[in-house]
């Protein structure tokens, strides 16, 4: 069998037999394999909570197009502060044994392959070895993230969310933790949230249907022009406070947030990890406005316009070289629009972003120094179009095409030997999810996905952080990274 | 490129294999089409008409599977998988008995009645307000709900109640309403102060013999069938079929019914004109007011 | 002259009897009678506590008993409806209404048989309000309030059904409307006996229905004006 595999070459490559057999063997292997150990998703993606289904007796499909993605009814439930507004939302009405907690784990088989990686020509290095461009491929069974998600109501009109999340090495952080005062003064237009939370992105990266290393993130949601010291990603949970509101059926919504300028970092640092660099005492602002249009039996068509205005420090106040606090704040912004368009069983999600960093952020210099001649503000335009087709509430096919183009390089990268489209990203993703069971007690999805992304001159962002920057020109080329993902997504 | 081709073929192949397997597996829950042999209206032809909208049962069937099936069940009889943990139980559509109607007791509700019930939901129950669905989607669901019972094929909905214009809110109206409350013995279930603690309240059962509580006015909660004075008028004039709440249309004159509505508002802890008038009156004449209940003479003030 | 008179008389008589023939279906002269009894130990009927409704409680010197299994001397079962379920169904509903009374917080009679489309009149003879709530599943279920002094409720049922009747205000009140297609029915008395008269010759299936123990059938053939006996025995349990 293995010889046939190895020697299959051209004939077998084009044959459909090998993939079928491989798939069948894999299915068998996964079922036999031990799925009980727990590991971590690089980014928390729990957002489907059977506890809500248990509390209200609704099927998962009532709130989710295909969990974890929300439909309009689920969006209103969430906007109301996880309340159905039926005078039975307060936890005092629940059976005392009810606990609003959920687990999500995804044991999987996956395969990552990245091209144009710098590899020692003689394995192990040693004299005479040089770096050459080669493909690096890794594959095998794996466990993805464990998220321990709790959300619901503390009392009528006080909701909360607590999401400790660990990576595959059991390093824990708080993905989100917030309290929200809902329907202040009895008005659905006034809701105040405080803590660490996801921004009000119409297309939520935390609730989307992708799980692979390369497909399990929106590139646009984390892109920064290479060379810019900005680390902002609109898909990252930020820390601060938010005032949000909506009308009764959420056909009009707004969100205004005031956030620390440290990418949601805790401990007044730039990141969620201990020993991060100190943050910059600055504040970012985010606003989003969403409007839906009734398209009859098709459903609702939603559009969102958003803007994020923030600042990052350009140098540190230090003691004996150790940073104490970031200073020299320079601004940046991200603006754009998003859409969620329904055509009965087909859903289209277009997204566009224009990003602009201050010229200083692209120089790596403190803003007390003069701006070098010719330094321009790094900018980019990016976006994606995603499609989902729901055969029925238990089977969904999805695909995505994403493109990001740098329109102005950072000053540090202006120069020879870098292509003009340095940093550009193109990404494709396709897959399906089948939900063999859909009780209100727990969820299970059989997830298959293929994703591939290409970056010019840099390694593409991927959920597991793999990949190395390619060798410099003339050896450096486009870096392709592909993921194949087959797994069982358990949600309790 | 070899790698890419392999990967693509591999994934597409596995997808095809599993999809074949998946679609041949029975869906975990599927909506049984109502049996035309029993005389139930056909899913393909049943329509609903709400305002300018026309709903279609065939479209409603897909929505039912997504939103309704967990409680109301694949056979539309309220025996969904979650029904065992729900109180009150989900509506059994096969009986075509509905609580919130504008039509007389024992008759079918209008399409508007069903549409309003879906949109508004039922407070203190597990039936959510489905307002986040588009009006067309709700109209489609109304059409599909009608395919569960053969009654819809043979009977027409009852004639909606004519509600006369509301009479002015005066203390005389409230006092007369109080007399009616005493005379009609509403307090036997709802209690003298409307707390839902009347002498018969503990033994009430609905038409499927499940225990049920009468509405507690002192909770200030919205009514089962709405929030306005009109809704309250309709509730006791048409009765809530399937529950112990009877229709009083034969025993209350339409003008008098408004007096009862005004009095009932005073039992709620809400800021209303009726409550203000009643508070003022009680402050001045508190000693004269005879309590409601068995000791009061019929028609006593 | 006499011949003409005689002819007219004959024609008149013939026409008259012809009208008589078409006005009423041929009145049979057969009948089926019998006794309903039980074997086994029946449940004990319990006294009803009407203290929540003093105006009714004082109408009964001793408390009334529940009536779901009403027995009589000689192992008799009362309130069993016996009717013809197959065979000649008799005539359609008479214009005479049947009457149902709420008296002393009880339903009188406990079981009321009637025909499809026969007028039913429901009276409240008590000083308290009742709500009359027939729990029909085949017919429409309705629920009406009937305060003391209100006029009788006039209604009818279009389909055959055994309909439990209850009052929500007084939870001990239980009764039945038995809506039948046939005019050939009877209800067993305290001695368990019943008699269905006016049956033309033919084959019949007789059904006996008791509210707790269900239905039993027997086949009976009537020829001419005989009286056939059909006894029914229900197996009862103490619970």
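The chains carry the letters A, B and C, assigned in the order they are written, with residues numbered from 1 in each.
Here, a residue touches a chain if its C-beta (ideal position, glycine included) is under 8 Å from a C-beta of that chain, and two chains touch if they have at least 3 such contacts.
Nothing here was measured: the structure is a model prediction, and the numbers come from that model.
Steps from chain A to chain C, minimised over paths through touching chains, total 2. For the pairs B-C and A-B, the count of C-beta pairs in contact is higher at A-B.
Of all chains shown, the one whose average CA position lies nearest the global CA mean is B. Across the assembly, the mean Cα position most removed from that of chain B is the one of A. Between the Cα centres of chain A and chain C there is a gap of 73 Å. Each chain gets a centre from the mean of its Cα atoms; for chain B and chain C, those two points are 36 Å apart. Distance between chain centres (mean CA atoms), chain A to chain B: 42 Å. Listing the residues of chain B that touch chain C in their complex gives 95, 97, 104-107, 151, 183-185, 188-189, 199-200, 203-205, 207, 239, 241-251, 294. Against chain B, the residues of chain A that register as touching in their complex are 13-14, 16, 18-20, 22-24, 26-27, 53, 56-59, 61-62, 72-73, 75-76, 84-88, 111, 113, 135, 137, 248-250, 294-297, 299-300, 392-395, 430-432, 434-440, 446, 448-450, 452, 482, 484, 486. Listing the residues of chain B that touch chain A in their complex gives 2-15, 17-19, 22-23, 25, 27-29, 56, 59, 62, 65-67, 69-71, 81-83, 85-86, 121-137, 140, 219, 221-222.
Interface residues of chain C, counted against chain B in their complex, comprise 52, 54, 128-129, 131-133, 135, 137, 140-147, 150, 153, 168-171.
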